[in-house]
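Structures incoming, each one as structure tokens.
Next come two complexes built around chain A: one with chain B, the other with chain C.
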Partner chain A sequence: MRGEGALLGAAGLAGLLALCEAVPRLGLVEDEYFPPASRVADALATELADDAFWTALRDTLTGWAIGLAVAVAAGVLVGVLISVVPLLREATASTIEFLRPIPSVALIPLAVLLYGTELRSVLLLVVYASFWQVLIQVLYGVQDVDPVADETARSYGLGNWARIRHVVWPTALPYVMTGVRLAAAVALILAVTAELVIGAPGLGARIAVAQSSQAVPEMYALVVVTGLLGLAVNVGARTVERRALAWHQSVRGEVAV
Partner chain B sequence: MRRLLIGLAAGTFLVAATSCGSSDGSDGSGDGGKASGGTTTVKVGVIPIIDVAPLYLGQKKGFYAERGIKLSLTAAQGGAAIVPGVVSGQFQFGFSNTTSLLVAQSKDLPIEAVVNGVASTGKEGADFAAIAVRKGSPLKSAKDLEGKKVAVNTLSNICDTSVNESVRKDGGDPSGLKFVEMPFDLMPAAVAKGQVDAACVVEPALATIKAAGGTTIASNFYDVSPDLTVAMYFTSREYAGKNPELVKKFREATAESLEYADSHPDEVREIITTYTKIPATLLEKLVLPRWPAEPDRASIERLAELGQQDGLFKKTPDLDKLLP
Partner chain C sequence: MQALLDVSGLRKVYEGSGRRVEALRDLTFSVDAGELVCLVGPSGCGKTTLLKCVGGLLAPTGGEVRLGGRPVTAPPPGMAVVFQEYGRSLFPWMRVRENVELPLRQKRLDAGRRRELVADALESVGLADAAGAYPWQLSGGMQQRVAIARALAYEPEVLLMDEPFAAVDAQTRADLEDLVRGLWQQRGITILFVTHDIDEAVYLGERVLVLSSSPTVVQEELRVDLPSGRDQLHTRVSPRFAELRTHVYEQVQAAKRGAPGVPWQRGVPLHKDTVSDTPPSPTG
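Now for the complex of A and B:
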């Protein structure tokens, strides 16, 4: 099952590469603006040999990791706090729904004004975008707590903390993991976007420089790198999810991906 | 209750805003920047394009170091990130085109130009900026642009003002021109595909168009003034008021770098490869701009007049307040 999936995945990727090679070669698009996959691969090899590329990659990953960590920690804390205090939940519901849909990218002028083109600008955007992903999942997760289980815990005299630890948290964990997985992808997108638009150091800024230098294959090579990063982030997040939820029926009953 | 949420959600804003404020404080006191052993680090917001090559070259040659300045060149994406960065003190200096500075001045933004940035080559038909058309285009001169679609990098800025002037100088009426906004690097494809009839384009995108067989029909910067000051380095009025000595040193070092770059084109082409990714095939063909040490006031006055005519300013910009 697993081998077959990997084989199909590889076949799909090979097909895509063949298509990217053929389309410019056949003259369907001009190869100046969409170079064939082989030329992009060449440029990628040159990039990989460049120290500055690895620095940029590290910058991007730093922004991603710190932003994601802050967002997850804040999302879980705030989410649990809001959920267990009914008054707080009602008071904040409309505010959350108001703030959540504001696109992080719209905060770019504010980020630049506050922090210029530094890492902190990237973090502002990353944290803002991924925080809501986690928070919303936590809120739904806590709402999903079985009232009977909760009442049982109460009648056994479990305190607030013990109920959060033994009833609320295990119920919410699958939701939290979904939130983390979504947030991990969103955080990467926003980290690259911020670098691209603001010019903060990282892969995004490198893409922008390649673009303004008319270095087309190099630009696509870097775009491919961001795609691979996204893939790695998703695989990583799924692995963490499976580990953390090994006991949960959704994972136990699940066919390995 | 609501306050709590907003407080938490905006936590990042506040925490870092305070630290930002404190770093501003240390910048404002003393000589500005981080002084260590007589050297002051200044952050300059630049766009990673050919125009700023003299700064990279001057830094390499030690023109700044010998005046006790350590340059920290930060590449930003366009003036949209640089002007607010300079005003808020994130950058001590910034690079911006002259029209944007005029617009900022007319809006009373507290900025002032410090030293020249880059100028037109003064050679018609061989400038680093041009109105370019695709291979085989029926458009032969600026007058033919009447009623056509022209790509510019920013609407209501130096490109449309200068293209209008090129059309006027050629005996045409620019009022029917349709300007389309797009980044310079996308213009070669847009011109080749006929999505626009012409483009106001600068190097290295200009070299790409020429390499694809495109031609230039006018030198729009030259048409404004043969010695047009296209861009300048600027600082905030607050910073200039607090650090007159440092600003003076930065001006001297930059002027020396500009002169050096102007007389050493080979070294310029070499330094460009360190901060851009311009392919070697294009690098040789690039038309380099001119880097005079002083801005040309007459050309800036002309640019301001044209901008006024095109309705770019609500209030006439005050050149005495803007220029060094």
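Now for the complex of A and C:
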């Protein structure tokens, strides 16, 4: 079954590549704007040989990783703190609902005013966008603590800190993992967007340069790279999730007893 | 002689959103060290509320609970609870060994002593081999055994059991009942066992307290004069067992109707001696 699925997946990908090759060659679209897949592949090979490309990739990943780390740490800390103090939860609920839907890109002018084209500009946008993903999941996760588990912990003399560590945190972990996975994807989108629009160094800025210099195949090659990055981020996040949650129903599956 | 566990005038009223529910009205009873006492009552009679108040998990509206003379205001270190919902009470992210060990770490016992207690507790419930498994890899009966082992390792003065076998099948239940009787006899622990199952209460207990329906009071107190060596096959078919269970059954039925208790006339003394009518003295 699995082999069959992988085979079908590969066939689908090959079909897409063949289509992207054929459509411009048949003249259905201008190959000036939509070069055939083989030319994009050539451009990609050229990019991979270029040091500037690797620098750009490193810049993008740096912004992504630092931004994500800050957002996850802040989201978890704030989320747990808000959840375990009922007063704080009620006081912040409406504020969170207001701030959360603000699109991070709407903060681009602010980022430019504050930090220009520095890395900090990218970080501001990445952190803002991914922080909420983590925070909301943590809030849900802490709500999910089983009253019986909590009573068990209390009856065995576990104090507040011990309960957070041994009951609240493991219960919230599956939610945290989902939050991190969502945040990782959003962080990548925002990192590339910030570079593209603000011109902070990275893959996004390189795409903008390729576009303005009519290097169309190179531009597509860079877009493909960002897509592959997204794929890698998601696969990586899922792997981490499966390892950390081996005990959880969603991962362990049915157990014969 | 002072009882180990003393519950006097216990009252619990739930208030919230305009509704006022009196769950426990006035409960007074005591459990001596080394006793196995069963609380039985009609469903919805506030058994779980009572146990939570006794365990210090819920603050009573009136009256008090004393353990070894000290008033219980928070879960005391000398008490362990075995809950009905073993699947939710054991932590699925910890292996069996870690589940049993966690309360001991909170007690700040050193690693050697913890290992000793965990191994001993798992051994005595017959799960020495399962220490490395996750709870969800075990059957329901085995999971409840783990919960019992966790309570034993904690070395409580009083073990509270809240309908612990209500969610397992009949055969497993019989095994677990014998396990509890056995552990009680070997270890001399004090057990307060809450159940809705009349047969179980009579089979297990040295004393049975029949609770009324909500708002709850102690309807009757009955000493079970069955021989201390009990087994599923013979004890349950003995005439005395049938008499006792019939009597408790009538009491529970009467409690459901809200009628006063049926008088017990076949020469069984009613042990009212431990039910105190005087209010507790303010000092311990």
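One rule holds for everything that comes next: the second predicted complex is superposed on the first by the 251 of 257 C-alpha atoms of A that agree within 3 Å, B and C clash if a C-alpha of one lies under 4 Å from a C-alpha of the other, contacts with A are read in each partner's own complex, and residues count from 1 in each chain.
By definition in this document, a residue touches a chain if its C-beta (ideal position, glycine included) is under 8 Å from a C-beta of that chain, and two chains touch if they have at least 3 such contacts.
None of these values were measured; they are calculated from a predicted model.
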item: Side-by-side fit of chain B and chain C on chain A, or clash; value: fit
item: Residue contacts on chain A - larger count, chain B or chain C; value: B
item: First, second, both or neither for A:H166, with chain B first and chain C second; value: second
item: First, second, both or neither for A:F131, with chain B first and chain C second; value: first
item: Partner chain in contact with A:D146 - chain B first, chain C second, else both or neither; value: second
item: Arrangement angle, chain B at one end, chain C at the other, chain A at the vertex (C-alpha, nearest 10°); value: 150
item: First (chain B), second (chain C), both or neither touched by A:V40; value: neither
item: Chain B versus chain C as contact partner of A:R154, first or second or both or neither; value: second
item: Chain B versus chain C as contact partner of A:G116, first or second or both or neither; value: first
item: Contacts of A:L88 with chain B and chain C, given as first, second, both or neither; value: first
item: Touched partner set for A:W247, first chain B, second chain C, both or neither; value: second
item: Closest Cα approach, chain C to chain B, once both complexes are overlaid on chain A (Å); value: 26
item: Intersection of chain A interface sets (partners chain B, chain C); value: none
item: In the complex, chain A residues that touch chain B; value: 30, 32-33, 70, 74, 78, 82, 87-88, 91-92, 95-96, 99, 109, 112-118, 120, 123-124, 127-128, 131, 196-199, 205, 208-215, 218
item: Chain C-facing residues of chain A, complex; value: 146, 148-149, 151-152, 154-159, 162, 166-167, 170, 173, 247-249, 252, 255, 257
item: Touching residues on chain B, where the partner in the complex is chain A; value: 1-2, 4-6, 8-9, 11-13, 16-17, 20, 43, 45, 47-49, 74-77, 80-81, 84-85, 88, 90-91, 183-185, 188-189, 192, 204-205, 207-208, 212, 275-279, 282
item: Touching residues on chain C, where the partner in the complex is chain A; value: 52, 55-57, 75, 77, 79-81, 83, 85, 88-89, 91-93, 102-103, 106-107, 134, 136-139, 150, 154
